[in-house]
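In the two assemblies presented below, chain A is common to both, partnered first by chain B and then by chain C.
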Partner chain A sequence: MTGKVYIAQPDLEKVLSKLAGNMDVWVPAAPANGKWGVEFMPYHSGLAPILNRRSSLPPKKVLLPQMEALLRFEYQKDPQDPSKVTLRLDDPTADSLTSRPVLVFGARPCDTRGFLTLDRTFTNGPYVDAYYRKRRENTFFATLVCGEADSACFCSSVGSGPADMEGSDLRLIPVEDGYVLETLTERAAFILDSLESLALPPTEIQEAAAKQINDEISSQPASGFPPGTVEAFRGRFENLGYWQEAVEQCLSCGVCTYVCPTCYCFTITDEMKNLEGARLRSWDSCMFSHYTSEASGHNPRPTKLERYRNRVGHKFSYIPTNYDGMIGCCGCGRCIRLCPVSIDIRKVVQGLKEETCECA
Partner chain B sequence: MTNTDIKQLCGLLHEQVQAALPELETVIGWTQGYDLLHTTPVFVRDANSISKLIWNPFCSQNLTGYLVKTPAVQATDKAKKIGVCVKGCDSRSLVALIQEKFVSRDSLYILGFPCHGVIDWHRVMLKVPATGIQAATVEDGQLILEHNGGLQRLELADVLARKCLRCVYPNPVIHDTLIGKVATPLVTVENAYRDVEGLEQQSLAERLDFWRSELDRCMRCYACRNACPLCVCQERCIAETREPKWLTQYMSISEKYLFHFIHALHLAGRCTECGECERVCPMEIPVTLMKEELSKIIRELLGYEAGVNLEAVPPLLTFSPDETSI
Partner chain C sequence: MNALNPYCPDLATVQEVIQETHNIRTLRIRLNDEEKMQDFSFRPGQVGQLSVFGVGESTFVINSPPTRKDYLQFSVMRVGEVTKRIHELNAGDPIGVRAPLGNGFAYEEMKGRDILFIGGGIGMAPLRTLLLHMIDNRTDYGDITVIYGARSPQDLCYTYEFDEWRAGGVNLVLTVDAEFPGWTGRVGFVPTVLKEESPAPDNRIAITCGPPIMIKFVLFGLKELGYEDHQVLTTLEKRMKCGVGICGRCNLGPKYVCLDGPVFSLDQLGKMVPEL
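After this line comes the complex of A and B, so read on.
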């Protein structure tokens, strides 16, 4: 099970091409030239993976596409009696949800950890999401040990860390001029086997180098949020002054939720044209006012303060309460990095416990 | 602007706000964000918070939208005003908002900042994936960064926001107090449209390909719309209305096209090219280009430039039977 191979940098694309023969392989890559952003896309030969820059979008869409048709429908009129209508239903996902394995290659520990929250919601509760579960079962993660944090990173504050391999099937360690790829789970053993002679076991020197890097990164000091955040959030819940101070600058756009590895809220709509249509599941955002807008016109979260409060509460209080104490945030920092007005969720969470605040 | 200049200007800003505060209910300005390359908007309501206000080449956000977007910052005491910090580009949004009567000139105390351009963080990261930034200053046409990797000097042309490289109005066109020395524009309005002119040189098929590949990445997070001070429909935006329902939840290019082109068309003759839509896009789609094309057409056809003259009537807000150019 603990197979290890060394992949020299120049061989990386050959290895990915070989893997892509048997699996759908997703890698971080730049969608267009001259852009800083990196996102996960299906590997094809000629696509250069970017592993030395953190991706601006997480691989969330691999398991939870931004939009998917859950069913298609068509009303058919009886030509003899047009008042008689029959309904034909189709399950369009039946074909797409094949058992072809999927490999997410080069996600960072925070990216992979994001799925642990999605797993709890979609597969561990009383209701299981068949679409998500099917994809999850077929998906493998080769996670990159993450070298350097930037000013928005905070994985070590949420019980994770830059070498955290929870949820990963393979560990990818960047060493000089290449990578050491190591199998961590039984079910992923076939992946290295499939490489055959394309990648050889690391030399002793390479293995020692990989171990040293991994040890160094693992031993970076963790700086968790102070315990008691769940209760502190409840204590702050009704203090609208706190939330006003925290997010008065919020623009109510959907960036933080759409780039978040753990945000999974979706909406379901029937989109119809003439007599045909589809029932779509698509990402929604609790930052939008119509997210909670009710048919009566009432909106229980009327302003951005209640909406942002919900976002913080969901990740740092409700999820840990409802599941096993795990924080529903992976600390990737994307919501900070990509927020148009640089709202810093770390500050908001840390402030929950502070005795005094200017807004009290 | 050296560090000393910045310090001096921040000092001046604090003095001005201190002096004006008795007449003001709120001052909307910038404060330090989560690192030295980022600022975040701040709302100052008491003397103790004045020191939070800063001014430097990282103050990228246009703050004028907060005056009109729900929950709009307005004075509850009508004898008082709202203070707002603006760069040249931001001041033009303010002119347009006043012209359209979304906000009244009398209700505002405008703190204007002559601007030498703001830094585009994405462009910096593309040049230097810097971590642990300890210092970031702009001096002699360069951005000087001190970070874990050492000292680095980047040419401003490589790291300024695209809008700044084509800025005609670096000085606020409207203000009550000016903080800093008047800046010299880098370009004239005649050559401010080079970027869209470059696109115009391409064939229709090439342009279609360009917009397809750019807009295909749109996630419909609506940051561009929400950051735009002149996008004022808010909850009644065509992107979300159910009756009539204009857009579906399909993530197809046609849905994205429809949204972006309606966004642009609703701004024809109104957009002041502050570049917020482009700055906030998490996918780095150059969406301001669409509005630049419209502004260019409006200028050619009607000789109008949005947000520069408080007395002018925006062309699409009026009707002239004698109009000959359209």
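After this line comes the complex of A and C, so read on.
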């Protein structure tokens, strides 16, 4: 279980190719079509993983695809009796949704931690999401100890940190000219075993270097929200004035939700062609007005104030309330980096705590 | 419910369709799996998601009582896409159902007490479930008063059952918004009639459902009559998708209407994020 190997930088592609023989391996890489950014994609030979930059998008889609068919159905008409219509329903979870194990290689601790929030909602509630659970049981995380914090990062403020391995199966530490990859969970032991002679255990020097890097990164001081923030949050909900000030410039574009590792809200819609159709699950965004608007025209969250309050409240109050105080934000900072009008969720949450806040 | 996959509906067949008003139809359905139908159990006030495959799903209260198990009944007002298609269904047509969902009414705690139902329009649907359950267990409850109003006599649902309700020991007060030829019941908005009737709050539970504006004034009225927040129940409606507390749409703060509701006491609502 404490298996460790050293992977020299030039051998990385060989190692990934070997792993990809038995598993679906997802790595952060640049899209071939010249699209901006780094995102997670299935590894294939020739694809160069980008491990020295944070990915623009989290690997959320590995466990929660942007769109998937929950059901397929077909109406069948009886040629003998045209008025008689029967229905055939196929549930894709009934057969194996994913037969091959999946490895997410090179996610940062914030990205891996994002799934801890999804785990609680999708598998710990009174109802279990069979699609998510099947994928989750088959998915392994080789998480990269993160040395590249920028001004938007705040993982250490939300109970995590750049070396946090909660939810990870393997630890990947960047050392000079390569990586030390270490098994952390029993269930992931087979992964390093499958490499056979391709990767050797680290030398003492390599191991010591890895330990030093991990220690250095682990010991970075935690910054951010003072204790009691979550409690203070609850008292300020009714003050729409505060939210007015916090999100005055919000465009309701929803990018914060799409790039967020812990945003999972979805919609369900049916698509039909002739007599066949599918019920689809797609990512949705609580920042959109249609999200809650009802057929009658009534909308319980009529303006962006209520919608943003719900988004922040969900992460910093509702999830902690429902799931043992765990904050439903992993501190990756993507919503801060990518917001077109520079709304900073840290300031919004901090402002709720501060008694002297002008908007109170 | 499908135990393995909560998103997968059980297939059912429409048995009977009743035209209640110009825009409300009642569907009586049976699950195709006879064993599942026999074993189907639920609490009054619990809801179900009806599926028209190819169009989508919507949430409706199961408005037949658990004491009557020949069919599951849903009353549907034609408002949006799914309800429009539900209105096109006839006896023999396939339909999907995911039920029961939600919490339902805590009717055990109402035993030995007087009951006041206040319904408006389609809002009578969830009340009917509990009302019939109480009629079927009549000796468990004290006085049962129902104040039921609609815009016009033609907008009242379940008119064909009113005699049965009365015969079951229910004090039924019907009202419509304005005078109509041939109408012999009360005339006036539901909150006004509530004031006129003034059912005493002692040992009574009030349960209300209807359009938001009616509920708003009914709640004022109940307060004036001396009802405490814990004596007043309402059943909420929200746009829903998953129905099982996952998709994140129908929440009031940390509470999900589909899971923790739809029935809440006024007491509970007062502590929740005001996003009704």
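FYI, the second predicted complex is superposed on the first by the 348 of 360 C-alpha atoms of A that agree within 3 Å, B and C clash if a C-alpha of one lies under 4 Å from a C-alpha of the other, contacts with A are read in each partner's own complex, and residues count from 1 in each chain.
Rule of thumb we're sticking to: a residue touches a chain if its C-beta (ideal position, glycine included) is under 8 Å from a C-beta of that chain, and two chains touch if they have at least 3 such contacts.
Predicted model only: the values in this text are computed from it and were never measured.
S.K.: Identify the partner contact of A:N322: answer first if only chain B is touched, second if only chain C is, both if each is, neither if none is.
M.R.: A:N322 contacts chain C only, not chain B.
S.K.: Return first, second, both or neither, reflecting whether A:D344 touches chain B, chain C, both chains, or no partner chain.
M.R.: first
S.K.: In the overlay, answer first, second, both or neither for which of chain B and chain C A:G125 touches.
M.R.: The second partner, chain C, only.
S.K.: Which of the two partners, first being chain B and second being chain C, lies in contact with A:L280: first, second, both, or neither?
M.R.: first
S.K.: Touch check for A:P31: first (chain B), second (chain C), both, or neither?
M.R.: Touch status of A:P31: first partner only.
S.K.: Just to be sure I read the superposition right, which of the two partners does A:F73 touch: chain B = first, chain C = second, or both, or neither?
M.R.: A:F73 contacts chain C only, not chain B.
S.K.: So in the superposed three-chain picture, is A:T267 touching just chain B, just chain C, both, or none of them (first/second/both/neither)?
M.R.: So A:T267 meets both chain B and chain C here.
S.K.: Take the contacts of chain A with chain B and those with chain C, and give the residues found in both.
M.R.: 267, 269
S.K.: Which part of chain A faces chain C closely enough to touch in the complex?
M.R.: Listed in rising order, the residues of chain A that touch chain C are 70-71, 73, 75, 83-87, 89, 91, 93-94, 121-122, 125-131, 237-238, 264-270, 272, 277, 279, 281, 284, 286, 291-296, 298, 300-301, 306, 309-310, 313-314, 317-319, 321-322.
S.K.: Using the touch definition from the top, list the residues of chain B that touch chain A in their complex.
M.R.: Per the stated touch rule, the residues are 33-35, 38-43, 48-49, 61, 65-66, 69-71, 122-123, 125-126, 129, 131-133, 148, 213-214, 217, 219-223, 225-227, 235, 240, 248-251, 276, 279-280, 282-284.
S.K.: What residues of chain A sit close enough to touch chain B in their complex?
M.R.: 31-32, 34-37, 52-53, 56-57, 66-67, 148-152, 248-249, 251-255, 258-259, 267, 269, 271, 280, 282-283, 285, 288-290, 303-304, 336, 338, 340-344, 346-347, 358
S.K.: If we count contacts the way the header does, which residues on chain C are in touch with chain A in the complex?
M.R.: 2, 4-9, 11, 53-58, 79-81, 83, 92-94, 96, 212, 237-239, 241-242, 244-251, 253-254, 259, 273-276
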